[in-house]
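Next, two complexes with chain A in common: one pairs it with chain B, the other with chain C.
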Partner chain A sequence: MRRSWLVLIALLFWSRPASAQVTLTIAFVSDPSGITLSGSGTSSASLSFGTVQAFGGTVPSGVTKSVAGNSWTLSTPFDVLVQKGALDVIDLLSTSYTLTARLQAADIQDTWKFNSVVLSTTAATITATGIYGSTTSYGFSLTVPFSASAAAISNTINFTAVAN
Partner chain B sequence: MQKTLICMSTLLLSGILCRASDFPPKPEQQSAPAPQAQVPSLALSPAVIMVKASPSASSAHVLTITNLTNTRFRFVLEAFDVVIRDGQRVFVPAGETEGGIARSAIFDPPAVDLNPGASAQVKVTLTVPLDPKVRAVAAIFHGLTAFAGKGNLLFTGSLGTLITYNLSDKVDVRVGAPTVNPQTERSNLTISEQLENAGREPAVPKGTLAILRGTGELVGRVAIQPHRLLPGEKFNCAVEYSHNLRPGKYRAMVSFVHEGGLQTNSVEFQIQ
Partner chain C sequence: MIKKLFSIVVLVACIALVGVPASATSATGTVAVTATTVASVSLTFVTDGAGITLGGTGTSAATIAFGSVQAYGGSVPANVTKTVNGIINWSLSTPFDVVVEVANQTSSNYTLTAALQTADATNTWALGATNLSTTAATLTATGAYGSTAYTFKLTIPFSAAAGAISNTLNFTATAN
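Up next is the complex of A and B:
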């Protein structure tokens, strides 16, 4: 009887993880046709649009400004690189990855987009089929309504890579 | 079109090109990745854990995060249930999914600070509920450290480990009929099949495309890389055959093997 209980307990807690391992890395990289990132090539980077305005003035190199009926938009590409470990020669465990992004602070005035995906404080999927080892360019845009008063705009975007 | 169902199974998929290797003339070139440049990034290992367990079972896993940058990083650990909505994976915060596993996550420690070059290990303990509705959890190292630069837009990186659960052997992967996209002067012959995981367990189907002459002689073979499908997930597997075929009748045979068995479909086509 006691043996049966031991077997039952063992079955309840039995689990068997796979033994092989995949290592994942993430880095942000300046896109050749986009704005230069500070910290490019690392897992933490930043960019500055400087002081810009809807009409007139200049925008930094690699940044495009467009003006619509009631808002204006700054856009630039930048790259994300997700790699698997060099030892993962045979793609047994993961052949692609999912990349999500979310804003750290809510912004009810401006619209932040990544590859046309509107960002919020809830993670949104940027790609579900990311290719390992490929520096992938994503279009980033920030849209500001004309109703916004002149002020500094800042935020943090958190990118998360998870193996598929 | 001849369809041979050797073993009932389940499968599904959503639209990318399967990376493949040719055989012959190149014997089994298993798409070894090109040497990767070492970048000062964050690294997480393992990135995938596949668990076979039973309902109410607990399991503990050690995750290792390494800081290969020159900056001190802080992470908090978060668990998300990975569910399929409209064919897409969605990461749902712990506690928001009925029958979820993420709500049981216990991280030890719940946060880590990493100096440049340092590694840390975190043990995550997860318990499958009695009536689980999900089969995958993402354990995320949520990076809190923003680059101390002059920018007003900051990017931080986070990495997550995917933990999948097979709670039974009842895998049900369904493979659609193959379709042929003929070769042209500018594009290769492509054979596509829709895969769908119609069961309740994760599956990792992999396969082979074989091109046969009308007489049955093997012309070439292409390995289809494994692709993980969570329950409810679909995938459009498109396999390219990179060699030019001479005019004539051919048959493409696509075989997928997974935890539920083997499925083979074939389709005849003609090269003008």
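Up next is the complex of A and C:
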């Protein structure tokens, strides 16, 4: 009997996936104080400011608009939730994660910020001490210069969470 | 025998743990962001350095209060000029700044118009050299974006009975 258990334990360790990447998950969640994300709770969310303007007009609930000397900014928080596999022995050894973000497409006109970090197509570290299972609120902002022509703006922020 | 087997199992387990690839455990996700911007123009009123202090300066709904004033004697607020025109009328004048800004539109200048909200058959209301009525009058058709000072002047005939005077000037700035 004891022998069987020992063999089973050995198999459990041995059967650990060669690639452990499936054991970490990331999800984006609407913040109570922020705009409602489409696809909230998933790893592929979307955020739509709708039709907006520097002077006058309206912004969606949870969005703040500010006007500076030659630009205007839309800002809103949203939450990031990173979780790890509870039964994975290796993952249990990781106590924190590093979160990076980058723009999918370069934007030389507008300024995209996440947690006050200016985003580009090169991954930038948002936090190096992320806490697993904790829904963390981050501020996102998009700044549009007055000089930019009225137009549709779209881009995608790619996030990567890496176990420390 | 059992101890030996146990040792082997522990050894196998250790090898299994150490043998895990060094590649970091990771997860990826995306947030797509969209916005559609449209052009807009801002019109605000600001207290001029040489003018009366505006109520609501810096906003698009300011106020000017001359207080209690009289043709002869008395006093006027700081930066208000009182002029008595013989025995015909007297006027109060003061400059204030009109600030027009444009965003997300290619525009080199703007047209500014102003109109009285309510007709006044007694007093004369003017901005610069333009007398105002309830029909919009063009103050400039080539306004430069930024701050421009306009002198407001209210002229009261001597024949008018003493009383409270109030009206609202409605401005419209249109990007050219």
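As a working rule, the second predicted complex is superposed on the first by the 137 of 164 C-alpha atoms of A that agree within 3 Å, B and C clash if a C-alpha of one lies under 4 Å from a C-alpha of the other, contacts with A are read in each partner's own complex, and residues count from 1 in each chain.
Quick note on the criterion: contacts are C-beta pairs under 8 Å (C-beta built on N, C-alpha and C of every residue); 3 or more make two chains touch, one makes a residue touch a chain.
Note that the structure is a prediction, hence the values are computed from the model and not measured.
Shared-chain residue A:47: touches chain B and chain C both. By the touch criterion defined above, A:26 reaches both chain B and chain C.
By the touch criterion stated above, A:129 is placed in contact with chain B alone, chain C being left untouched. By the touch criterion defined above, A:96 reaches chain B but does not reach chain C.
Of the two partner chains placed around the shared chain by superposition, chain C is the only one that A:150 touches, whereas chain B remains out of contact.
Within chain A, the residues touched by chain B in the first complex and by chain C in the second are 13-14, 16, 18, 21, 23-28, 37, 42-49, 84, 89-91, 94, 104, 142, 152-163. Residues 14-16, 19, 30-36, 39-54, 56-59, 61, 68-71, 73, 88-91, 138, 140, 142-143, 145-147, 149-162, 225-228 of chain B are the ones touching chain A in the complex. Within the complex formed with chain B, the residues of chain A that make contact are 11-18, 21-28, 37-39, 41-49, 81, 83-86, 88-96, 98, 100, 104, 123, 125, 128-129, 132-133, 142, 152-164.
Within the complex formed with chain C, the residues of chain A that make contact are 2-3, 6-7, 9-10, 13-14, 16, 18-21, 23-28, 37, 42-57, 67, 72, 74, 78, 82, 84, 89-91, 94, 104, 112, 140, 142, 144, 146, 148-163. Across the interface of their complex, chain A is touched by residues 2, 5-6, 9, 12-13, 16-17, 20-21, 23-42, 101-106 of chain C.
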